[in-house]
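Here's the structure we're looking at; comments come further down.
Letters A, B, C and D mark the chains as written, and numbering starts fresh at 1 in each.
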Amino acid sequence: MFTEKYTEKVLEHFTHPRNIGTLEDADGVGEVGNPACGDMMTFYIKVRDGRIVDVKYKTFGCVAAIAVASVVSEMAKGRTLEEAKALRNEDIARELGGLPKQKWHCSVLGAKALKEAILDYEARISGQSREKGPQKPRRKQTCPDCGIENPITARFCMQCGAPLEKES
Amino acid sequence: MFTEKYTEKVLEHFTHPRNIGTLEDADGVGEVGNPACGDMMTFYIKVRDGRIVDVKYKTFGCVAAIAVASVVSEMAKGRTLEEAKALRNEDIARELGGLPKQKWHCSVLGAKALKEAILDYEARISGQSREKGPQKPRRKQTCPDCGIENPITARFCMQCGAPLEKES
Amino acid sequence: MKERIIYLDHAAATPVLPEVWEAIQPYFRDRFWNPSVVYDLGSEIREKIEEARARVADLIGAEAGEIIFTSCGAEANNLAIKGLALAHSQKGRRILVSAIEHHSVLNSARFLERLGFEMALIPVDEKGRVNPETLQKMLTPDTVLVSVAHASNEIGTIQDIRTLAEIAHANGSFFHTDAVASVGQIPVRVQELGVDLLTLSGISLGAPKGVGALYLRKGLRIMPLIHGGIQERGWRAGTENVPGIIGLGVAARILKERLPRKGPYLRRLRDRLVEGVLSRVPRTYYTGDPERRLPGHASFCFEGIEGEALVFTLAAYGIYGNTGSACASKALKTSPVLRAIGLPEVVAQGSLVLTLEEWNTEEEIERVLEVLPQAVARLRAMSPIWKE
Amino acid sequence: MKERIIYLDHAAATPVLPEVWEAIQPYFRDRFWNPSVVYDLGSEIREKIEEARARVADLIGAEAGEIIFTSCGAEANNLAIKGLALAHSQKGRRILVSAIEHHSVLNSARFLERLGFEMALIPVDEKGRVNPETLQKMLTPDTVLVSVAHASNEIGTIQDIRTLAEIAHANGSFFHTDAVASVGQIPVRVQELGVDLLTLSGISLGAPKGVGALYLRKGLRIMPLIHGGIQERGWRAGTENVPGIIGLGVAARILKERLPRKGPYLRRLRDRLVEGVLSRVPRTYYTGDPERRLPGHASFCFEGIEGEALVFTLAAYGIYGNTGSACASKALKTSPVLRAIGLPEVVAQGSLVLTLEEWNTEEEIERVLEVLPQAVARLRAMSPIWKE
């Protein structure tokens, strides 16, 4: 699943991203990431009869983030909400022919943004406003090599095995 | 005076050493060095009217040691004892067109061996037997790069500037 | 794959110069001997290494005996920082390094913290300059070493090393400068800079990869980093990268010749590039010091977009630049250099660094000025945080 | 200068293999890109490096992720010894290294003494072998690391690393082996040896100079030696010696193929050489273990003469061998290895080491057998300590 470089598919989606844009009359909107961290995605969905009938997005981020958003938009369209919610980041990475280790979290971001949009839609129809709980304090460290979050106690990255020592 | 490699002259003397051998009826014999340290020279001289009329030597040692002994034997022949005693290692090195730094002490050895032979001769004619004093305790360290002795307190080789730290 | 590449990432790597390539080829197969062996073949190689040492020394106004060859700039930085601190810890255990140092300086200092040293970062102003007064205030009697890079590879700013080194010396502290980005770009003379140690690397000099050098002022003692045999006079063990070292020597000789006309040429190209970008791309930051900067160095931040995506968009047109420091660019963090000069993190994300060499042409710059505005616009159009 | 060179000093340096030379040429000028950059050109280089990593791993039966590229064997030894000790000092501060280790192992351990570690030398017997029982007795609960070279480059002796490593592990100590002399000469499989760390160097493998590697068992943590960027997964900073690494990879692939027939061939040549020398030159010591030794390795001591003079005498005939270890041979000390195996110092002075490769021929050996007895006789004739 890990590649040394971007696959043809990633680059193709990056160069020609599908479904880019916003939906003025979206049924659900999901926004994840943080521009200060270099990645942010906003997904817009339209839902008919429990199915996603249209998807748009905007993304601020790297090549992988753009490709992920694009492929997620393709994968989501036509799926039921349950199917779409079940989309895991592994599925997204596989669809792209794999991702470099340090870009793995972009696929997480894509899955999350879509899910947030669906949860937003569900909250809207159930009349509740979604209030996100307070952020948990960070007990994580980010692998400098692959970018995956690891427990603060980890000495090696769980994902790629890189050393996580503070001094290196 | 320092060369990166052996000069032509050194190699020529090494390949064709002059005056090699012993003198059965030597008037003076000088032996310096220590085979355990990898270098030892024995010089034999014949003296007539205060002049060195014949020189032979044997040498156990490196290329430089052999070349030094050879050139010293040439330089000594025909000189007065005073002239021969005044021969300094720099003169020997110069005669050879220079020596690599780490071979500098071979020239010292050559000058010393000749002088020892002369002192032996002088002791014989004055009827005293030369008794060498007790060795002084070693307060020296040898430069790993050029082989020159340095005071135990030196941090850099006085001769070549190499670091003399114990740990390196 | 692309018709023609416009390569503008010379801070990350330079092609080996033709003269260097010519010079090193015999040393792989025909003259492959180990320079440490006693026999004549080894001596020939040793002489070549000494010739290279003299040439590298000449490029920076040093003596041959003051040059230690290493395997890269990072090793030279590690050797300088750790080696000096460990050898002079009786003088003090405090180390000052600027906030915009290369990782190899920064992390060497961090390592020393684990051995009981104390490390502090010298802040820089919005142009990336270390203020001499700030340094003065941060010096304490037990400050053993100050390290400030001569020029930044990320924002191009050139420091006033001479003044900083004088202040450090007045305090009895040693001074190291990482000159990887400046050597070969501007005149670098150790006497004029007044430094005790200086790092350079082959990667930006047209030498083969795998070679760097440390200038160590005569008489100054450091602790070796790579212990072992007596190569490099005992300062650095290990069989020498013979072609690398010979290549660095040839490159140094050539660069010394070319430096006088190279600087003005690069500055002209660079100024055209910068002026064009700033006038065509709105909300663009020209990072670093616009005056005191490397002649071939242009660095920008574009609001609303992310640097890697921009680099790839440009690469699709055959234009190759970088985002942040090559050595750190795989790690997905905002550049510490851009944070240190006070750029908002979100702006710092959109960084692009273009580093020119004398073989770059005006036509290439014009082509960049055509493509870059479109590339930025394309990414801004898909960015959720961009508002016209 | 000489009509034809008979080169028998392959432990000091090997020519770059033709296939390696072919493979690396494009990476100096055409494909010069920095492997750390984000864009496609960098990725191409990165893939080549990973290919090389897989090949080097394959040569020693490791996984690709267990290989760290370094700039030479000495660096790998320093990284192993210092890196392991510093990362695991909570386990203990005692280090055992054999009395016949390379300087880069020995002096790394000595450096650690300055940081509060304790170092002890494991003695060897007259064949240069570490006795497992001796090791057993020297181990203490706070022994964190044991380092014994797989084979000696000076006397050719191969150690029973598997047994030694088992003993160390039973004590909870880590085990490092310097396999610079053995890799490429005999099969080396990390699993079979059971070691935690293993050093190899390009110098004896037909790779370009300036590259080595450390095998670091998966999951084991060490402290980097060269801190900085995240090259080599953070274990070793600095821009990679790209052609060097690619070359090492190709060399590893070729050596793996050739090893099965190379061993017997070298052994046959070497045995002829040894038998000829011993029968023709009186008062000659065949140093090291006559049985468990590197196939292409012949080492002697000739009474009454000094090694450098012998090397030069042979060189005048175009025959190139070495006296003691290449890396130490400029330092005018008796070889510590020959002292450790109990040879009298005066005998140890007359050492000659001949290391063969598969391109050496029987004719070359016969020529050596003609010249060597005369060369020894000539020097003995001028030696004050030689008596028939």
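Note that a residue touches a chain if its C-beta (ideal position, glycine included) is under 8 Å from a C-beta of that chain, and two chains touch if they have at least 3 such contacts.
Please read these numbers as outputs of a predicted model, since none were measured by experiment.
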item: Chains in simultaneous contact with chain A and chain D; value: C
item: Connectivity without chain D (remaining chains kept where they are); value: one piece
item: Chain pair showing more contacts of the two, A-C and B-C; value: A-C
item: Distance from chain D to chain B - Cα centre to Cα centre, in angstrom; value: 36
item: Mean-CA-position distance for chain B and chain A (Å); value: 80
item: Interchain centroid distance [CA atoms averaged], chain B/chain C, Å; value: 50
item: Contacts with 2+ other chains: residues of chain B; value: 144-145, 167-168
item: Sequence positions of chain D contacting 2 or more other chains; value: 40, 107, 110-111, 223-224, 227, 230, 308, 312, 330-331
item: Touching residues (chain side chain B, partner chain D) in the complex; value: 11, 14-15, 17, 20, 31, 35-42, 58-63, 65-66, 102, 105, 142, 144-145, 147, 166-168
item: Complex contacts: residues of chain D adjacent to chain B; value: 107, 110-111, 113-114, 304-306, 308-309, 312, 316, 330-334, 344-346, 349, 381-386
item: Touching residues (chain side chain B, partner chain C) in the complex; value: 4-6, 144-145, 155-156, 160-163, 165, 167-168
item: Partner chain C, residues of chain D touching it in the complex; value: 1, 5, 9, 12-16, 18, 21, 28-30, 32-34, 36-42, 71-75, 77-78, 102-104, 107-108, 110-111, 115, 201, 203, 208-212, 223-231, 237-244, 308, 311-312, 315, 320, 322-323, 325-331
item: Residue ranges of chain D touching chain A (in the complex, touch as defined); value: 40, 43-44, 46-47, 50, 65, 87, 218-219, 221, 223-224, 227, 230, 233-235
